[in-house]
Amino acid sequence: MHLELSGLTKSFGSLVANDHIDLVIEPGQIHCLLGENGAGKSTLMNMLYGLLQPDSGEIVIDGEKVAITSPRDAIGHGIGMVHQHFMLVPVFTVAENIMLGRENTHAGGVLDRKKAHALVTELSDRYGFAVDPDALVENIPVGVQQRVEIIKALTNDAKVLILDEPTAVLTPAEIDELIAVMRQLKDNGTSIVFITHKLKEVKAIADKITVIGRGKVVGSAEPSASEEELAELMVGRAVDLVVNKEPAQPGDPVLRVEGLTVIDERGFTAVDAVDLEVRAGEILAVAGVQGNGQTELAEALLGLTPIAAGTISLDGADLSHRSTRQRLDAGIGYVPEDRGHDGFVGSFSVAENLVLDLFRQAPFGTGLALRTDEIDRNAAARIEEFDIRTQGADLPVSSLSGGNQQKVVLARELSRPLKLLVASQPTRGVDVGSIEFLHSRIVEERDRGTAVLIVSTELDEIAALADRVAVMYRGKVVGVVPSDTPRDELGLMMAGASQREAEVEATENPTTLGTI
Amino acid sequence: ACGSKPAEDSASGGANKDFKACMVSDSGGFDDKSFNQTSYAGLQAAVKEKGLTEVKAESKSDNDYPTNMTAMVQAGCKIIISVGFKLEDATDKAAQANPDIKFAIVDSAPAKPIANVKPLGFNTAQSSFQAGYLAAAMSKSGKVGTFGGIKIPPVTIFMDGFAEGVRHYNKQKSKNVQVLGWDDAKQSGLFTGDFEDKAKGQNTAQNLITQGADIIFPVAGPAGLGGLQAAKASNGKVNAIWVDTDGCESAAEYCSVLITSVKKGMDVAVQDAITSVVDNKFDNSQFIGTLENGGTSLAPFHEFDSLVSAELKAELEQLKADIVSGKITIASKAQPKAS
Amino acid sequence: MSNDTATEPQQPPAPASPVREPGRGGLPGWAVQGLVSLSAIVLALVVGALLIIVGDDEVKTAIGYFGAAPLDTLSAAATAVGEAYKALAVGAVGGLNPIAESLTQATPLICGGLAVSLAFRTGLFNIGAQGQLIIGAILAGYVGFAWHLPPVLHLVLAVVAGLVGGAIWGGLVGLLKARTGAHEVIVTIMLNYVAIYLLQWLLTTSAFKRPGREDPISPIVDANAQYPQFGDTRLHVGFLLALVAAVFVWWLLNRSTIGFELRAVGANADASRTAGMSVGRAYIVAMLVAGALAGLAGTQQVLGTDLPLTDGVAATIGFDAITVALLGRGTPLGTVLAGLLFGALNAGGLQMQLQTQTPLTLTTVLQAVIVLFVAAPALVRSVFRFLPKERGTGAVLAKGWNG
Amino acid sequence: MSHTTTPETVRVPAPAAIEGPADRIRRLRVGGLMVVFALIGLGLAIFTGGGKATFQLTSGDLENNLLGVPAQPVALLLGALGLVAAVAYVLRRVPQRYAGWLAVVLGVCFIGAFLCWAAAGKTFPLANQFQGTLNFATPLILGALAGVLCERAGVINIAIEGQFLVGAFTAAVVASTTGSAAAALVAAALTGVLMAALLAVFSIKYLVNQVVLGVVLVVFASGITGYLFDQFLQEDAENLNTPAVLSAVKIPGLGDIPFIGPILFNQTVLVYLTYLAVAVVTFVLFQTRWGLRVRAVGEHPKAADTVGIKVKRVRYSAVLWAGVLAGLGGAFFTVGYAGSFSKEMTAGNGFIALAALIMGRWHPIGAMVAALFFGFATQLQSQLQIIQTPIPGELLLMAPYLATVIAVAGLVGRVRAPKADGEPYVTE
C-alpha cells in the first residue's frame, strides 16, 4: 500500500503541533520517524489513525484521497497502530482485549470466547510470542503487554502498521524479537512507521528516516548516518551522546538495604530479600525489565509501599518504618518512575510543583501561611537554572512537554541538600537533547557527594550513568556488576541469567543491537 | 370545536371581597393529606361562605415561617391562620406586633394567652378512644395494630387514645385484644421515620398484619396511605381506620377497607375562627375540639355501616357520652391542655 | 495522567498572551463567564415561564376556547408569566427588606456550599452537609438555650459548639475514609439519616423539649446567644460570618500550607503521597473543616433567625448546598455568588407564591434548570450565538468516584 | 537458556508464611470487627431470656408452621460458634481462600443469636422478615442496577432518585388514566429513559460534570413532579392519581416450595422483572459483545476508540437502558406496590440505591446483595419495633444506616470504580 500524507496541519489552541507535514510511505518500507519530545510525531500518527482530525491537509492511499475520521475508518483502510501509551483495558484478559471491537459472537451477541482464544494462540504461535490468553492484562509485565498490543494490530491484517515508541519498555532481547517480527512483516509487504528515541534501533532497521522538529519535517536521513548526525538533526545542535564524567570517588555507605521484602497488593512477592548498598559519591544503577520489582524497591525506599520484612537505613539511621515525609526530610530526593502519576500535580502551576515537597519549609511556608512570593522567586530561579521551557511559571505543568515536565521534577528534587537521590527512569521518553542535560545534572549531584540510586530499563542510560549496576529479576538482585559489563550480558541477566551464564551466552549469541 | 368564552363571572358574593383570610402552612405543605390540607379546606369553606379573598402561603422550610407571616401581615390580612406547632413562635411575634390583626393557630397554643391569637387544639385522643374500642370489637384475630410517622404528640395522641380504647374494651368485655405497634405506658412503638415513604408505610403495616393484626390504624400522613394499601391488598382480611379526615372522602380509593376515620375537625374550627372575625365575634379563648363540641369525632362507617352491629354503635354512643361527662377519663399526655 | 484528562483539553498549551477569539474584543474571562451565566438564567426563566403557563388556571380556561378567542390565551399567558416574575423580582431585590430577606436565605446556603466546595477541592464528595448541619445546629442550639451566659461569651460558645458538632460529624467521614477506605459518598448519605433520627429522638427528651410543651420543639435560644440582627430585618451577623468563612476558605485553599496540601491531594493524590503528604490526614482535615463550615450553617439556623430546634431545622439546605457549590464551581467567591442567587430565588419564590399562588416547586425547577444551563455553556451558546467563547469551562470539580 | 523472556507473570505468590502489610491491616480490621460482633452476640446470648423463641415460617399464618427453639441454649451455641469463627479469622487458622466464609459464618451466627435474644418468649415472623427484605430491596436493586449500567460505561449516575420520582409519577398517572398496568410500566420505563437522556446528553455531549448533573437532575425531578402534582394531580386526584396496583402472580410449581416459594415466587410482575434484570444485566455485561464494549468504554474509552468502537454511542445506549431500569424502579413506588403518587415519595431511596451500587463494587450481583442487606436491616428494625425489644425505637430507626456504615468501613473497605467513571470522552 502506498501512503501519502500531504500538508497535514494540526494545532492545539495556539500551538501548531503539526505544520504542513508531507510524508510518503512506500509499500514494504520501514519508515522511521525521529524527533524531540513534543515534536509532533504522535500527533501526526494519531491523525493518520483517525484519533485526531487534521485542521488541513490530506491523506492519500494508493492514489486516492481518503477521509479518516475515526480509528474505525483507519482500520477499514488497513492501517494498524500500536500506541505510545498502551491502549489496553487493564481489567480485561488478553483475549478480551484482543477481541474488543471485532468480537465473534454467537446468536444474540453472546461472545464467542473460544474463537478469541484460538486466535490469540494462533497469532502468538506464528510470531513466537508466548502469551496466555486468560491472563489479566494488569497482571502481566509490560513487555508482554506490548506483545498483546502488537497482536492486536496484527489481527486486523494491517497493510500499514504504525509503531509509536514500542521499544521503550522492552529488554534488548525483546527488542531483537520485535525487530525480527518487523522484518517478517516487511517481507510480507506490510509497511511500517516506526517511532523511537533510540538511535541504535533506527540504524538497525530503518529503510528511510524522517526527522520532525517543532511540527515540521526538518530533514531526512539514510540509515547509514551516524548516531551523532541523527542526534544533531533532531536537536539542531551537536549533542554529546556520552556523558563526560570523572570516575566515582565513593565515600562511606549512605544507603543500606538488608533483606528487604515487599509484598504487593495482590499478595505476590515483588521484592524478595534484597540487599543493597549505595555509597556517597557513587551512582548505583538498578537494571531490569520493568515489573521485576524495581518500582516497588524504589517505593519501599521512600516509604510509599509498606515493607513486609527487612531494613532500610540512611547514614546508619533506621528508616524502615518512617513516613515518606520523614524520609524526604532525612535527605532523600525522589524522582518517581511515572511522572504524570506520581511526580507532579498536573493542574498545579510550574511554580507550585517546584515546591511540592518543600512548601512546608522556610522560606515557602512560615507557620500556616504560604509565602507565594517566595514560591514565585524560587520558580524563576529553577526555571533559569534548569532551562525549563515554559511560557510562564504560573501555567499548569500539564501544558509542558514531557522532557520539561521531567526537568521540573528533577529541579525540585535537586534544589535541596540531599544525602541520597533515588531516580526511577529519569529520562524515560525524553529526547536526546534533554537527556544530555538531565544526565549531567545527576552526575553533578554525585560529584557533590550524594549517593545516587538510578532505576532504569535503558541500557544506554545505565551505561552512561552507572558506576555499578545491580540487575534485578523477579524481585531478586541477580548480580551486582561493574558498569562496563557488555550490554548483551546485562540483557541476559535481566532475563534471569546469572552473571556467569550471561557471559557465556552473550559471546555465543550476540544480538543485533549489541553489535552495532 | 373549542367552546365559547364564558361570561365574566358576575361578582360572586363580593360582599367581603376585600376581607383577606390567610393561611400559612408548615413545612409539610398544603398537600400533606393531613392537617395542613384539612385546615386549608376550612379556609376554603369560609371563603366560599362569606365571599372572602383567600391568601395562602406554603412553607418549604422552617426558615419560611417568619417570612410568610410578615408577608401575610403586609398583604393586609384580616385573619391569619397558622398550621402546626412549629409556627407558634412566628405567630406570637407577629401577633404581638400587629394587635389589629387576628390570628389562629392549629395544634398549638401560646405559652401565655395573647389577645389576638386563638389557639385551636384537638383532643383526638377522645375519638381515637372510640376508634380503639371499635377496632377491638371488630377484630376477629384479637389483634389490632397502629403505627406512626414520627414520634411527636400530634401523632402519638391518636395512638394513645386508640390503645386506651382497646384496653377499655378488654376491661368491659373481659377480652384480651392486643395492640401491636404502640405501648402507651412506655410510649414506645412502631414508626416509619418519615411522612413521605408510602412503600415503607405499607411494609410497616404488612409487618403488623403478619403479627396477626387485622385492623390497622396508620397515623403517618401520606406514608400512612401505604397502610391502607396493605389493607386493600389483603383482600378483605384486614381493614383500617384513617385519621384527620374522613378517608372515604380524602382517599376515596381506599373506602372499601375503611371502617371509619378519626376526624380532627380542623376544617370546621378554622372556618369558625374566620367567620367569627368576619362577624366581629372573635375571641382569643382556646378552642379544643372534643367529642362534645364535634371538634373531633368518628366519621360515618360508609361501606361498613351494615357490618357494625347496632349494639356496638350504641356502645360507641355511650362511650362518647361517658367521655363527655367525664365518666371515662383519658390518660394521654399528648392531649391539649386547656390554658 | 488519567486524573487530569478531564481538564486538560480545555487548557490551551501556550496562553502566554490570552487567547482571543478572532475579530472579537477580548472580554476578560470572568466577564464571559458572567455573560454565559446570565444567559443561562434567562433560558431557565423561559423554561419556568412555560411551566407557569401550563399550570395557570386562567390559561387553562382560556385554552378551552382557544379557537374562539386565541388572543385570550396569549394574553392570559403573558399576564401569568409577567405577574409571577414581577413578584419574584420584587421579592428578591425590590427594596431593603426583600434584599435583607434574600441575604438571610443565602446565609446558610453559602456556608453549606463552602463545606461542599472545600471537600470537592480535596477530591471528596461531601453529600453530608445536611447531617453535619443538623449536628451543628443541635449543639449550638443546646448551648444556646440550656446554658445562660453573659452576652458575647454565650454567642461565642454556642457558635463554637456548632462548629465542633459539624466538625465531628464531618471528621468522622474523613477518618473512616482515611483509615478504612470507606467511600465517603456512602458514609455521608448514611450519616445524614443518622443525624436526623438523632435529632428527632433528642427532641423527645426533656433536655431538649420546651418547658410546658409536649411538642418536639426546643426553646428559642437566649437572646445572648443570638446573632445580633440588622435593624428590623431578619438579616443577622451570621451573614457576615458566612462572608468571613468564604474569605477564610479562600485563604486556607490558596494561601496556607494546609490548603496547598488539600488541593494537591484533591488534584493528584498519588503525587501528593509521593511528595510526602499524608493523603489520609488531608481527608480528615478537609472533612473536619467542611463539617465545621456546615456546622456554622447550623448555627445560623438556630442562633440567627429565631428558629427553635425542630426536626425541620436543616430544611434542605445541606442538599441545596451541593448545587450551590457546583454552581459556584468549587471556588469560595463562586459559592458566595451562587448562594446569593439561590437565596434571592428562595425569597423571591415565596413572594411569587404569595402573590400569584405559583407553587414553590417552581422555584426548585428554576434553580435546577439554571445550574443545568450554567454547567453546559456549550448549550447556552448554541441558543445565544452571540456569546463569545469561554476560555476553559472552569474547574471541573470532583472527578470520578476514584477521586 | 533462550533469548526470550518468560511470558508468564513475573510475580510469584508470596509464601503463606509472609503476609503483605495491606493484607495484615485488612485482616486485623475485619477480624477486630468480627471479634467485636462475636462478643456482642455472645453477650446477648448470656442475657437471653428463658423459654422458647418461636419463628414463624409461613407469612400470615400464626398457627401452623412454627419453629420453636430453646432460646438461650441456641443463642449460646450460635454465639460460641461465631466467636470461634472470628478468632479463627484473626489468627489465620483457615486457608486464605476460605477466610471470607468465616465472616459469613459469623454474620449468620450473630443474626441467629440476636434473633433468639430478641424473640425469646415471643414469636418472630421469619418468613415475613424475608418478604419485607425483598419489598424494601426491589426498587433499590433496580436503581442500583441502573447505576451499574451507567457507571460501567463511565457515566456517574447520582440521578437515580430523580429517575425514581419521574418513574413513580408517570406510572401512577398512566395507570390511572388508562387502567393498564402494562402501559404504566412502559410509561415509567420511558420517562426513566427521558431522564436518562438528559443525563446522557448533558454529560456526553455537553461534558457537564456528572456529579453536578446528577444532583441537579434530582432537584429537577423533584421540582417538576412536585409542580405537576400541585397543579394537576392534586386537583383531579380521582382521575389522575388512583392507579391500580399490580397483583401478585404465583408461579406454578415454584410458588409451592415451602418457605421460599411464597416469598420469592408469589410476587408481582415487577419483582419478577427485577430478578430477570439482575440476571440479564450480569449476563449482558460479562458475556455479550455489547457488555464487553460497555465495560471497555468505562475503563479505558480511548482504547475502545482505537479499536473502532463508537465510545459515545455505547455510552448513550448504556445510560438509556439504565433509564429503563430506574424508571421501573420508580414504578414500584406507585403501581408496583403502594398505589397513588405523593410528593417526594421515593424519600431518598435513590441515594440508598447509589450507596448499594458502590458498596456492591459496581457489580450487579454485589449491588443486589448490598440492596438486600439494606432491605434486611430496615425490615428487621421494623419488626423489632413491633415485638418490642429493650432496644429503643429511636436507635432502631438509625440501625440500617449505622449497619451500612459499619459494613462499608469494616468489611467492604476501599472500592475501585471503573477507571473512566465520570470522565467525559473528548476527541479533537
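Residue numbering begins at 1 within each chain, and the chains themselves are lettered A, B, C and D in the order written.
Please note the rule applied: a contact is a pair of C-beta atoms (placed from the backbone, for glycine too) under 8 Å apart; a residue touches a chain by one contact, two chains touch by 3 or more.
Owing to the predicted nature of the structure, the values given are computational and were not obtained by experimental measurement.
Colleague: More contacting C-beta pairs: B-C or C-D?
Modeller: C-D
Colleague: List the centre-to-centre spacing of chain C and chain D in whole Å, with centres computed as mean CA coordinates.
Modeller: 30
Colleague: From the C-alpha centre of chain B to that of chain D, how far is it in Å?
Modeller: Computed from C-alpha means, the inter-chain centre distance equals 37 Å.
Colleague: Suppose each chain is reduced to the average of its Cα coordinates; what separation in Å results between chain A and chain C?
Modeller: 45
Colleague: What parts of chain C, by residue number, touch at least two of the other chains?
Modeller: Those would be 197, 200, 204, 359.
Colleague: Which positions in chain A touch two or more other chains at once?
Modeller: Within chain A, residues 12 contact more than one other chain.
Colleague: Scan chain D for residues touching two or more other chains and write them down.
Modeller: Touching at least two other chains: 229-230, 392, 394, 397, 419, 428.
Colleague: Could you list each pair of chains that touch, in label order?
Modeller: Pairwise, the chains that meet the contact rule are A-C, A-D, B-C, B-D, C-D.
Colleague: So in the complex, which bits of chain B are touching chain D?
Modeller: Touch list, chain B to chain D: 29, 31, 33, 145, 151, 180-181, 183, 188-194, 196-204, 206-212, 222, 225-226, 229, 232-233, 251-253.
Colleague: In their shared complex, at which residues does chain D touch chain A?
Modeller: 1, 3-15, 18-23, 96, 287-290, 292-293, 295-296, 299-300, 302-310, 419, 427-428
Colleague: Considering the complex alone, what residue numbers of chain C touch chain D?
Modeller: 2, 5-6, 9, 51, 54-55, 125, 127, 176, 179-183, 185-187, 189-191, 193-194, 197-198, 200-201, 204, 319-320, 322-323, 326, 359, 361-369, 371-372, 375-376, 378-379, 393, 396-402
Colleague: For chain D, which residues count as touching chain C in their complex?
Modeller: Those residues of chain D that touch chain C are 29, 151, 156, 202, 205-209, 211-213, 215-217, 219-220, 222-224, 226-232, 348, 351-352, 354-355, 358-359, 392, 394-395, 397-398, 401-402, 404-405, 408-410, 412-417, 419-424, 426, 428.
Colleague: In their shared complex, at which residues does chain A touch chain C?
Modeller: Contact set of chain A toward chain C: 12-15, 85, 302, 304, 323-325, 327-329, 334, 336, 338, 340-348, 352, 356-357, 359-360, 365, 368-370, 372, 391-392, 395-396, 398-399.
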